[in-house]
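There are two complexes below, and they share subunit A, which is joined by subunit B in the first and by subunit C in the second.
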Partner chain A sequence: MGELSLLSNGVNPVLLVVVPLALAFAVPLIGFVSKKIIKYIPVVAFLFNLIVALLLIPSVLKQPIVVKIGGFAPPFCINLVAGPIGILFSALIALAGLLVSIYALNYIREGPQEKYHILYLLLLTGATGVVLTGDIFNLFVFFEILCISSYALVAYLGNKAGIESSIKYLIQGSVGSSLLLLGIGLLYGQFGTLNMADIANQIHSASSPSIFVPMVLMITGLGVEAAIFPLNAWLPDAHSSAPSSISAILSGIAIEVGLYAVIRVLFTIFDASNFLMFFVFLGVLTLLIGEMCAFSQKNIKRMLAYSSIGQIGLIVFAFSIANTYGVTGGFFQLISHTLGKGLLFLAAGYMIYRSGSMDISTFEGMGKRMPLTSLFFTVGAFSIVGLPPFIGFPSKFMIVRAALSTGELLFTILIGIVLLGTVIEGAYFFRVVQVIYFKKGNGNPERKKAPISGLISMFIFVILILVIGVYPNLITKILNSAASELLNRIDYIRSVLG
Partner chain B sequence: MSFLHNYIYYIGAFGLIFIGLFIILVKHNLIKVIIGISILETGVNLFLIAVGYISKGTAPIFSKPGINANQMVDPVPQALVLTAIVIGVAVLAMALSLAIRLYKHYGTLDLRKIKEQRW
Partner chain C sequence: MRKIFSVILLIIICWGIILSLYKIPFGIPKTKVGEYYLNKGKEETGAANIVTSVVLNYRGFDTLGEVTVLFIAAIGLGAVLATLKKKGKRKVEQASLILYTGCRFLFPLILLFGAYVFIHGHLTPGGGFQGGAIIASAFVLVYLGCRGKRINEVSSKTTESLGGLIFIVIGLIGLAIGGHYFLSNFLPKGELNTLFSAGIIPIIYIAIGFKVGSELAGVIDNLFEES
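Then we have the complex of A and B:
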């Protein structure tokens, strides 16, 4: 262990951003040498990131690491804050990035593959940057890296649906970004600083109307990417027209990074405990609308996309309860959604590839034609619904416990509505599982497997879902420190400003 | 008149922002919507510059003797705007290239006629 801790002291969190960024721009150069090794670059980059993030966890749990870029003291420079939340998210991004890039080795066969890998690396670089940065304008810049690469990746296939969804996403996303920048400008005008901890430190010295306007602008701007209810019209189109590997990343990482930015702005910068009741209702509304729309879908990817909206609603609800259980449950649900929905999109990707259509009814008899992939899809579906022994069960259970621990009648009623949403979720997922296993396909029951790289990546997802589902204590330590970082903003300010 | 004199940049900035939003919400032609996004971004950039501007201020360089720090404009918003302009150009280029592809698929840029994706 001595050697390991020595190693982790030498690792700089800035590598988490720099290495994928540098490799993204090295892709065309490496392409001159050999076209065949390009697709392994994302695998290498995110394997590296995952190792760095895991090595950093022990030291981050003791004390957040603040990287001062340029060597100036925090209010004057751009700084990275690798606290428990930042490291939790970067490990999650690296993990999902690694598994999906293994899946993509064989899945991405058409189109300009070189550009796919560049944009994929940039998307996840932007995501990692957003969760690690401690500077609000830097957050905007990384957010734009994430958004622009996801606009391009949604249109990757270049078909009618992809281009149309991409342009819709772009229009809504860029209006959102402009509002975010306007909010940042208003904050800078009042406080003369862009450092998140410094703004958080001074926020109570300003009058409440003058911080309300930038707060609304920033939450609206970030809420577009986080797909909170009135701002999520782009999501089902974009997630269903992108290639499946990208849908997994958009659903598992991009909207959750948006949600991270929303809760960071709400809890740490604005300390907006007065407005959380609004977000409780918004969360429940998002959940119900997402689940009800998902129920009426016939297209498998649109169904999964609407289910993501429902899950985001649940996570917003959990965070807005704002006690320790609620926030811990929110982070847990984020992890469970990334693993579950990632697996579902990846499994659906090959099922669509075999059946030639996204229509759920064409999956009849898929349990015989692709036994392993169907099994993986079922595991993902059960986990999202929240059945034991999968990861969705402990995470949903924690949210229910959080709502009941408040002891208020309102939260008891709301958690009842949330459980109703879960019942709807169960109904449409079980319907798909039923079609896969219990309906006989009229085609020839030809057994075809997904390629081995796809199976390996889905298998690792399944293992993680099962292991964390059975032993949730494996990650409770980091979840608890993440929750306390979010709830104790004074500690965050102190650790950055010193 | 002094009100106008003091706040003219803010009025201009919010004017551009509302014009941009109006165009995005009301127009049906995709190219016009993209122009609206561009105007919106210009408004935000102008707002950021106005935050750090001092009337008759100079660049924050100690080039001439006798200039105090309070006569210099704030350089941070200018750095921000430089970054924001670059991002804006990237978004604009992306949007226009998508518009070209959209026109190839549909033969029109009228957003009312491009409705394959539905709820």
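Then we have the complex of A and C:
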């Protein structure tokens, strides 16, 4: 009987958090046996997570899986909610984690490598916990795991820039976390429960000013990690001075998870449809500022970091439209940004390694020196800009369609501004591509390839970008149910509280 | 200008927080989750200390997260310090005989007290984190008083990893056999208020005690190396 029910329920989603965590704790012990196999542990962990997440997708599409930790009924225990959103994000985190850890096999050669791999595992474990949990204090705990390991990883190279930006990030992140905790405390004081579904269920019973303050505190706190303007001052420094593999994760996963927390709090807990217009403008503002700053950068990693801010603005804009098209487009754009920006940072990592500088002008003639890596970089750039047949095209197209489907003049004007941002984006990415291919380098034109593990990982990114770009229908089903989970908070509450 | 601006901002934030605190009645046992724990806690978890039953049973997943946060802090500190250049060996002046003997005398007693606190976490105030911190304080004393003595890095790392692993493995055993819930209390609850009661709670607290103790001692060791 017991085994039967285990089989019919499939795998338990709690394993997505617990297995990487256990492996992270085990790394020092494994290190006593052999130092060489440590770097393969993240690969194993995220391969496992990816398989589990993919196995869970069919059952999650039917109904969300609610995991009661400790076996008590919610709201008295902590529960995980593995709905379409949670599993979509877990799969994305596991995928990016797997590919970047393959890349890091050869990329991370210096420094305390054992600690790098532990922190890398824990960063992504924290991210998975944030997207799966259904308890607001548990969300804070996993958020701390995510943030603290990224503070340490930003400083991993130990140079002056790394330590300085890590401290900036640490201070701003800690202020954000404190605000978040304050907001959670106020909510707990009012409702006497920490369960997200339970709070969401009672939220309309409280008076609006006493809800407004915790909401502002929580959104501000989470917004620091999500890099929403004006809370994103830490991002360009942190993303540019971290090792490139970590930049890919910070840009592709960490800010996305921050954004997930923001929309979960906004849509599910507070049901804040009155405030969405504010976020529409905030999104467009974030987009414009990010793209304009990116345009004026000479340093390739800073340029990519500012471009991430722009993309986050676009995603915030898409979510704030708050109709099915908009939210679906938001999730789609999230995936497209993770794949595109991950690929760009990974490719830039080896280009920087070969040219010895982050200055874009030193990439002259890179198209001849590193033909494959340059090609991969170009694919990533075109995808972020939104050219067909790459994934960036259908995702941006969906957002445009969402804005036009509202039929309001305001949104038509705003989407015009968004497209202007895309033009700026195109301008600076094409400039880099032009430097790579059409300017002759004065250095020695000897061909040097990136190591094979790096090429494999980037190649898989390229394949995914192309395949989903050509067949967007592959993921529309899960995107649609993710969107309906976000928009139908009543169903979410009912699935948890029964 | 900047100062005035920050003061105004601070006033607005404080006003908002006061406004929303004003609505929360204090001193009235109205929180439904809290009431449930107080009424049902002893019966459901077998721990005489209700705080422990909440920390390790009802909200055990948070505690696993907190243990991880401390682990990250220790590892992260090690990672950042490892990249800085090591200075040459410092000259160490030996402490006086009285201090040296006193520290050596107190060291086992502090360890015993720390162990007492975390072994009795389910009965009396205290627990794994507190006991672990007490144990780490014994190591600070040795570092200050008996200079030159160092902790064994291999055994401290092993304790740290094993502590975390035991926590997770107990949770997974609960998932596998004890009613299919992660961290479910699958051991017999025993008689309330005795040492062998509350099922998995004391075992987890002992694991946490060892883990926190070795972790904090490791942090102190790392910082001593650099100072």
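In this text, the second predicted complex is superposed on the first by the 490 of 498 C-alpha atoms of A that agree within 3 Å, B and C clash if a C-alpha of one lies under 4 Å from a C-alpha of the other, contacts with A are read in each partner's own complex, and residues count from 1 in each chain.
Here is the rule we use: a residue touches a chain if its C-beta (ideal position, glycine included) is under 8 Å from a C-beta of that chain, and two chains touch if they have at least 3 such contacts.
None of the values given here were measured: they were computed from a predicted structure.
Of the two partner chains placed around the shared chain by superposition, subunit B is the only one that A:D237 touches, whereas subunit C remains out of contact. In the overlay built on the shared chain, the residue A:F137 is in contact with subunit B and with subunit C. Of the two partner chains placed by the overlay, only subunit B lies in contact with A:C293; subunit C stays clear of it. Of the two partner chains placed by the overlay, only subunit B lies in contact with A:I171; subunit C stays clear of it. With both structures placed on the common chain, the touch criterion links A:G129 to subunit C but leaves subunit B unconnected.
Subunit A is touched at more residues by one of its partners, and among subunit B and subunit C that partner is C. When the two complexes are overlaid on their common chain A, residue A:A155 makes contact with subunit B and with subunit C alike. When both complexes are overlaid on chain A, the residue A:A91 reaches neither subunit B nor subunit C. Of the two partner chains, subunit B and subunit C are each touched by A:G189.
Of the two partner chains placed by the overlay, neither subunit B nor subunit C lies in contact with A:V280. Under the contact criterion defined above, the residues of subunit A that touch both subunit B in one complex and subunit C in the other are 137, 141, 144, 148, 151-152, 155, 158, 163, 166, 182, 188-189, 194.
Every residue of subunit C that touches subunit A in the complex is listed here, in rising order: 16-17, 19-24, 30-34, 36-37, 44, 57-62, 64-66, 68-69, 71-73, 75-80, 82-84, 154, 157-158, 160-162, 164-165, 168-169, 171-172, 174-175, 178-185.
Listed in rising order, the residues of subunit A touching subunit C in the complex are 2, 5-6, 9, 12, 14, 18, 21-22, 24-29, 32, 67-72, 75-78, 111-112, 115-116, 118-119, 122, 125-126, 129, 135, 137-138, 141-142, 144-145, 148-149, 151-153, 155-158, 163, 166, 182, 186, 188-190, 192-194, 206-207, 209-210, 212-214, 216.
Against subunit A, in their complex, subunit B makes its touches with residues 17, 20-21, 24, 30, 33, 37, 40-41, 44, 47-48, 51, 76-77, 80, 83-84, 87, 90-91, 94-95, 98-99, 101-102, 105-106, 114, 116-117, 119.
Chain contact summary for the complex, subunit A toward subunit B: residues 137, 141, 144, 148, 151-152, 155, 158-161, 163-168, 170-171, 174-175, 177-178, 181-182, 184-185, 188-189, 194, 236-237, 241, 293.
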